[in-house]
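There are two complexes below, and they share chain A, which is joined by chain B in the first and by chain C in the second.
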Partner chain A sequence: MLSALLILIAALFFTGIINRTKSMASGRKGPGVLQPLFDVWRLFRKGSVYPATAGILFRVAPTICLASIFMALLVVPFGREKGLLSFSGDFVFFAYVLALGRFLSIVAALDTGSSFEGMGASREALYGMLAEPAFFVLMGSLALLTGHTSFHEIFNALHLGSWVSYALATLATFVLVMIAMIENSRMPVDDPKTHLELTMVHEVMVLDHSGFDLGLILTAGYLKFAIFGALIVNLFIGMVPTGYAIPLFFLIQGGMAVAVGLIESFMARFRMSHNPQFITVLTSVALLVFFGVLLISGRFL
Partner chain B sequence: MNPVNLFLLVAALFLVLLPFLRGAYQRIWLLGGVLLMAVVTSVPAWQVLTGATREWLLPGNGVIGEIPLRLDGLSAWFILIINLVFLTGAVYGLSYLRHYQAHRNTLTLHYLSFLLLHLALLSLCVIQNSLVFLVMWEVMTLAAFVAVIFEHEKWVTVKAGINFLIQSHISLLLLMVGFLYGAIHTGSYDLAAFAGLPGGRGTATALMLLFIAGFGIKAGFVPFHTWLPYAHPAAPAHISGIMSGVIIKIGLFGILRMLLILSVDFTTVGYLLLAVSLVSGVYGVMLAIVQHNLKKLLAYHSIENIGIIGLGIGLGCIGLGGGHPLLAALGFGGALLHILNHALFKSLLFYTAGNVYQATHTLHIEHLGGVMRKMPLTSLLFLVAAIAICGIPPFNGFVSEFLVYAGLYQWMQEASLVTLVVIIFTIMGLVLIGGLALLCFTKAFGIVFLGNARRGHAGAEVSRGQLAPLWVLALLILLIGTFPQVFTGFLARPVAQFTAMVPHAGAAVEMGTSGLEPVPLSGVVNGMVTPVAAAAWGVILVSLLLWALRSLVIRTKSQETSPTWSCGYVAPTPKLQYTAGSFARSYTKLFRAVLTFSRRERGVDAIFPAGGHYESHADDKMEKWFVDKPVNGFQWLMSRLLFLQNGKLQVYILYGILFMAAVILIPVFTGWLGDLLQFLKQL
Partner chain C sequence: MDFISIKNNSALPLASVPELDYHTFFEVNTSLMRGDPGRHCATLHGIPEKERVRLLCAIADDATGEIHLSTSVVSRDQVLRSMAGEVPACERFEREIHENFGISYTGHPWLKPVRYPFDRADRSQEIASYPFYSMESDELHEVGVGPIHAGVIEPGHFRFICNGEQILHLEIQLGFQHRGVEALFLRQQGVLQQVMLAEGIAGDTVAGHTTAHSMVREALAGVDAGEGAAFSRTMALELERMAIHTGDMAALCTDVAYQLGSAVFGRLRTPLVNFFQEWGGNRLGKGLIRPGRNQFPFTPQLGTRLSAILDAYERDFEEMSAMLFNLPSALSRFERTGVVSREDLLSIGAVGMAARMGGLTRDIRSSHPSLWYPSLAHQPVVKHHGDVYSRVQIRRDEIRQSMHHVRQLLEQIPDTVESRILPEIMAPGRLALSLVEGWRGEICHCALTGPHGELRHYKVKDPSFHNWMALALAVRNNEISDFPICNKSFNLSYCGHDL
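Presenting the complex of A and B:
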């Protein structure tokens, strides 16, 4: 319960902080931290324009998409507190329920009959497919390290003791941040601020959404960031008592938002054709974590 | 009355009288036959699944001996799946075949083969006499062949049918060798006697490998899969659904049955199955993505799903070998549940594809589009099945894949270094399969059902009667996703049959015998899937809640339609839409190493160009290496011997005389040889 609440609060500010960081890095004054919320609120009150080709699926998809992300949110724990749903293998559910959202957003994009949106949909499906193994290998290594198979138990049993485990946590953080960037279609893979449909991934898929539905999609994006941020926080706060963990949670989430903002400001987007290589590298890094775990748990003989 | 006699009576009655009926009576008769056979077999199967194993002994004859029929948990599970698929298949098929009323003789033959197929599949589940098993196996193959070549006026169909027939007979040959070996060395055709095969674990394992190859051809494991992508598109939709739903599963049934009987080295068999299945899974879906024919795409997906099931069986075997009952329970449980799941969503996919074919007369993905607007219900059903087959909650595919994942992560906790590397790559493979399946089905659904029609196909929704069985399947898909604990509960007995073989549960466990108590493991498995049910309910409820909220909010807001955004271009035609080929383009570029394409094109080059032409086909590399090359080599070898067949009658008579002379002289010569040896020995 606590974790869901905290993630929701973090989601309120996350995208605002990213945007603020970006504006500061480029020397602009920039919008307020709460601007994304105002955007969504305004969208919720607007009417919609639907493309003539689109059918019912196009209208349903954003709702189910947000619902799937909400369900993913519920399995994420917070330190010693369980998520609302916590069971053995819940990270499998986490990944697959996110896939439900992806499936529907891809299908909704194809429903418009636009070749731009088809292009974005194709990329989304491919990148999602390539990024998933990294997540599963990472969670597998953590499961091996701790001997548990649910988010809550894994994070609770995660002791950061030796220098090797710090190295592993760093690598794990890197993998999670990058998966978050891919899931949210952010900088090294996709540029949310680009103005050319040909070079977009996520933005082009939602080109034709408007009004309430677009608001739902934006909300989903904010939530996704905060969820992955919460996963990263969990890597570090397993042992910390809840009283200290809450400020730490916001500190790390804020830090991650700033980091994302900085990455977006100082990195260029990769060429589309190089993205698969980059995403596959993530799986290799996750494998590195796995072999590190083997090293720690003394299974290399 | 004894259910076996009753079953035989029903089958005989319906088979014999079917050809004498006409039109609507014939259809009702077929439906009645399938229904009665299903009821007669489902009742005892249900009793077995919730109670004790049953056994009957049919009097055979002097050659084959008595025919034991054993109905245990495994058979019961398969019988129920077969009946479900055949019932829905029959109802759907009868509506589907309405358009072929004029071909009365073909229809009669088709109905007969349909009944025979049902009969053969049901009896294969219980017959435990190896000779009779082989006979029924052959009956099944021939009936399936006749059913597949329904549209026999098309050359492609007949070719696919013959391909199926030949490969099935290779399967039969391998099985025959295996069964005869067992029969000779145990002195009995009873399968249960195979448990006492002399020669120990090594021989049993070698025999098991033979059976895996034999049954694997039917199941469609790579590299034995090559008949599937031809046979499925060629068959009428209901037969494709049944083939994919149960006929290929009977191969898996064979493997599972032999695992129960033979005391093999489970670890070796497990690793082998794991490797083969992983290759099948990844390879199947990789080729599925690049197919242009919707049914061929689904056929390759069957190979992928057989891979997932095989992964479960492999994990289960490793659990048995390593004395890890929970892993065995999760592996076999996941595999058996996925067999049901795949039967449900794959037959649903084939039936909906059949609807599309009826309405548009094409299955070429690139020619379709916008079907959803004309056939909303068919599209919805396809979408449900597509989400389910990707293993996405809240539908059934997720539950069985979850069990396999759970098995993998459980196994991890006590594995050694090498095993861990195997596990992590298996996990990566399974995840990759999931991701690729998503790519494949977003493509299939998006291009076929959404957007605008690419070629002007007229079409309307099929009749309500034809959709009815499809709703049943969809409902079951949702039920398994939302109440998985009920279905894993039914699985307790079949799974217990396997987990009872874990070594520390007693070295002298009699295999295949009756009365195995369900071990409390099923409780553990149920406990694992119960929260999954809660999560699935969560997905559904949150979605409904949000939808209600959305409806409430947008009620007062304006809603307009306008053309899709196309970057300011104002005259888009359906041809400008993204195609299936372009959707898969970045994927095909990435996986060039595995995929090969053959292209045929005529460019638009002259000043007044004639019509250009471009055609590309995805080739199956495995087929090239494992089927085409050996067959070509064999043909070459045979062509060297062509001089023997020179068309001269005199020479042929000479061959005859030579043959007869050989027949007479060889025993004489061997007699002399024996005498000579005797003589030499005496010296």
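Presenting the complex of A and C:
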């Protein structure tokens, strides 16, 4: 219960902080931190316009996307507190319920028959496919290390370890942060600010969504970032009492948002053909964690 | 002689231009251009003469600084041998002649419409049914962009044939922005009306087009606007180049999602265009250049002000350039993206910056200098790789060069403030031609007066006319996601092409 509540609160500010950081880095005053919420609220009061070529899938996709995010949110624990749902193998549930949302948004994009959205859909599918092994190798290694298969148990057991587990946690953090960047279509893989359809990945897929539906998609995006942020926080707060863990949670989430904003201000995005290479590297790093785990647990020989 | 050679910005009686039969016209002009990169066709167009059409070809010769003119009178139903078969750069000129007068060509690759003018020869051709090149394959897909674009820019349609993410072919269809500028020149005979039309040819090249127009007008009237006007025009051309190049560097940073570069270069453009406002009352330089007069003399006070602006500009520009050109993520986007070979540039007749970035030295400022350029001893900046990186580099280097030129000019501000009013009536039956290096490249204005000294024909050629083809070639075999940055690196004009 606590984790769901905290994630919801973090989601309120996350995108706003990124945007504010970016505007300050480029010497602008920028919109308020709550502007993304106002945007969504404005969209929620509007009707949607549907393309004549699109069918029922296009209409239900935004709702299912948001629902899948909420489902994923349920299994994320917070330190010693379990998530609303917790069962063995829940990280598999987590990954595939998010994949379900992605699948629906891909299908909805194809449903419009637009060549732009088709390109975006193929890119999104490719990156999702390449990022999946990284997540599973990582979570599998942690499961192997701890001997548990649910988020809550894995994270709690992880912190009973030594400095070595913190070293592994650092690598795991890197992988999770980068997966979060890919999942949320941020730089360096995708540029959320671009107005050029030909270079977009996620943005082009939702070009035809409008009004209420667009509001749902934006909400799903805000939540997704906060969920990944919460996973990363969990790597570190297993031992920390809940009273200290809550400020730490917001500190790490806020730090991550600022870091995202700074990355997006001071570098250019990747060339599209470099993205698959970059994402594949994440799997290699995850494998490093895996071999680390094998070494620690003495199963290497 | 089969042709007559004139200097840039001069007028001559139309009767003194050799009139050849089409066969000789073809041979003379193709043999002038074939195999010599130093000669290119500045304009080839038709002038209607009752039932017949007079073709006029102007070939700019970089080695001698002359322009070789020849004409040929043909009838509208004649089938001519296409010069594009020998010199591909003539391809678009011949399409235009075909569209306007219905003259057919043999050996032309594809006589597609160029811009669908209202008085075109074949009114059954409509912009909605443009004949695109297409490929039949299950493996390939077509992507159509425009004519309405995501950014609020001008209209143009891009049709890609792609194999997955890879572009195999791009066809650019223009004409949506056609306003009938050339026809309006004949309807609006007032000096002020005409120069204001010239200002509207391309909103980002106001100094370039108004200078070319003024020079043509002055040549036809046989007057000289004087030293002060020449100074102001040179100054305006170089400042315009700096301002637009800076803005383009900002736009290139935006397209690779480099926010810092986008913000800083965008800010640096502002003091330059604001200086135009201070000088002539318009940020785009409208109203600054007028035929026959020096509307806004460049005073020493303005010079002091500009000097301060440049000092502040240079510091920030150099710092930001150093950051951009040392940023691996940006360089990885620029390098080896959108390459056009020198051979391709030569064959399509690319001009200006787009030619110089691929090793082709074409610069009117050094080959056909006028205004104050002879005293500036301008040396063209040439890059050799023909990729986006070369186009970013050439912008940086031309900004530095223009800054140097402007500073040189500031040391010799003329104090002669002459102001002459142009005679409304120009000499009858004369032809004038002006080549001006705008920031994009060679601008060609060509005018002909009728029996009463009124304008009888006016022809404009913007550098974009040929350079659009360079973009279409640049994106081949590139990723489709790199198209926007290729497009921005050329930054061609839709309205300059469509007229």
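To be clear about the criterion, the second predicted complex is superposed on the first by the 295 of 301 C-alpha atoms of A that agree within 3 Å, B and C clash if a C-alpha of one lies under 4 Å from a C-alpha of the other, contacts with A are read in each partner's own complex, and residues count from 1 in each chain.
Going forward, contacts are C-beta pairs under 8 Å (C-beta built on N, C-alpha and C of every residue); 3 or more make two chains touch, one makes a residue touch a chain.
As the structure is a prediction and not an experimental result, all values here were calculated from the model.
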Touched partner set for A:255, first chain B, second chain C, both or neither: neither
Chain B versus chain C as contact partner of A:265, first or second or both or neither: second
Partner chain in contact with A:121 - chain B first, chain C second, else both or neither: first
Touching partner for A:93 - first (chain B), second (chain C), both, neither: first
First (chain B), second (chain C), both or neither touched by A:199: second
Which of chain B and chain C A:51 touches, first, second, both or neither: first
First (chain B), second (chain C), both or neither touched by A:25: second
Comparing the two partners chain B and chain C, which touches a greater set of residues in chain A: B
Footprint overlap on chain A, comparing chain B with chain C: 115-116, 118-119, 122, 197, 272-273
In the complex, chain A residues that touch chain C: 22, 25-28, 115-116, 118-119, 122, 187-188, 191, 193-199, 264-274
Chain A residues within the chain B interface of the complex: 44-57, 60, 63-64, 66-68, 70-71, 74-75, 85-90, 92-93, 95-97, 99-100, 102-103, 106-107, 109-119, 121-123, 125-126, 128-130, 132-133, 136-137, 140, 143-144, 147, 149, 197, 207-208, 211-213, 216, 272-273, 276, 283, 287, 290, 294, 299-301
Chain A contact footprint on chain C (complex, rising order): 141-145, 150-151, 164-165, 253, 255-260, 262-263, 267, 327, 329-330, 332-333, 337, 479-484
Chain B - residues contacting chain A, complex: 369-370, 372-373, 376, 383, 387, 390-393, 398, 401-402, 405-406, 409-410, 412-413, 416-417, 420, 423-424, 427-428, 431-432, 434-436, 438-439, 441-443, 445-447, 450-452, 528, 531-532, 534-535, 538-539, 542-543, 545-547, 550, 553-554, 557-567, 572, 574, 576-578, 582-587, 589-590
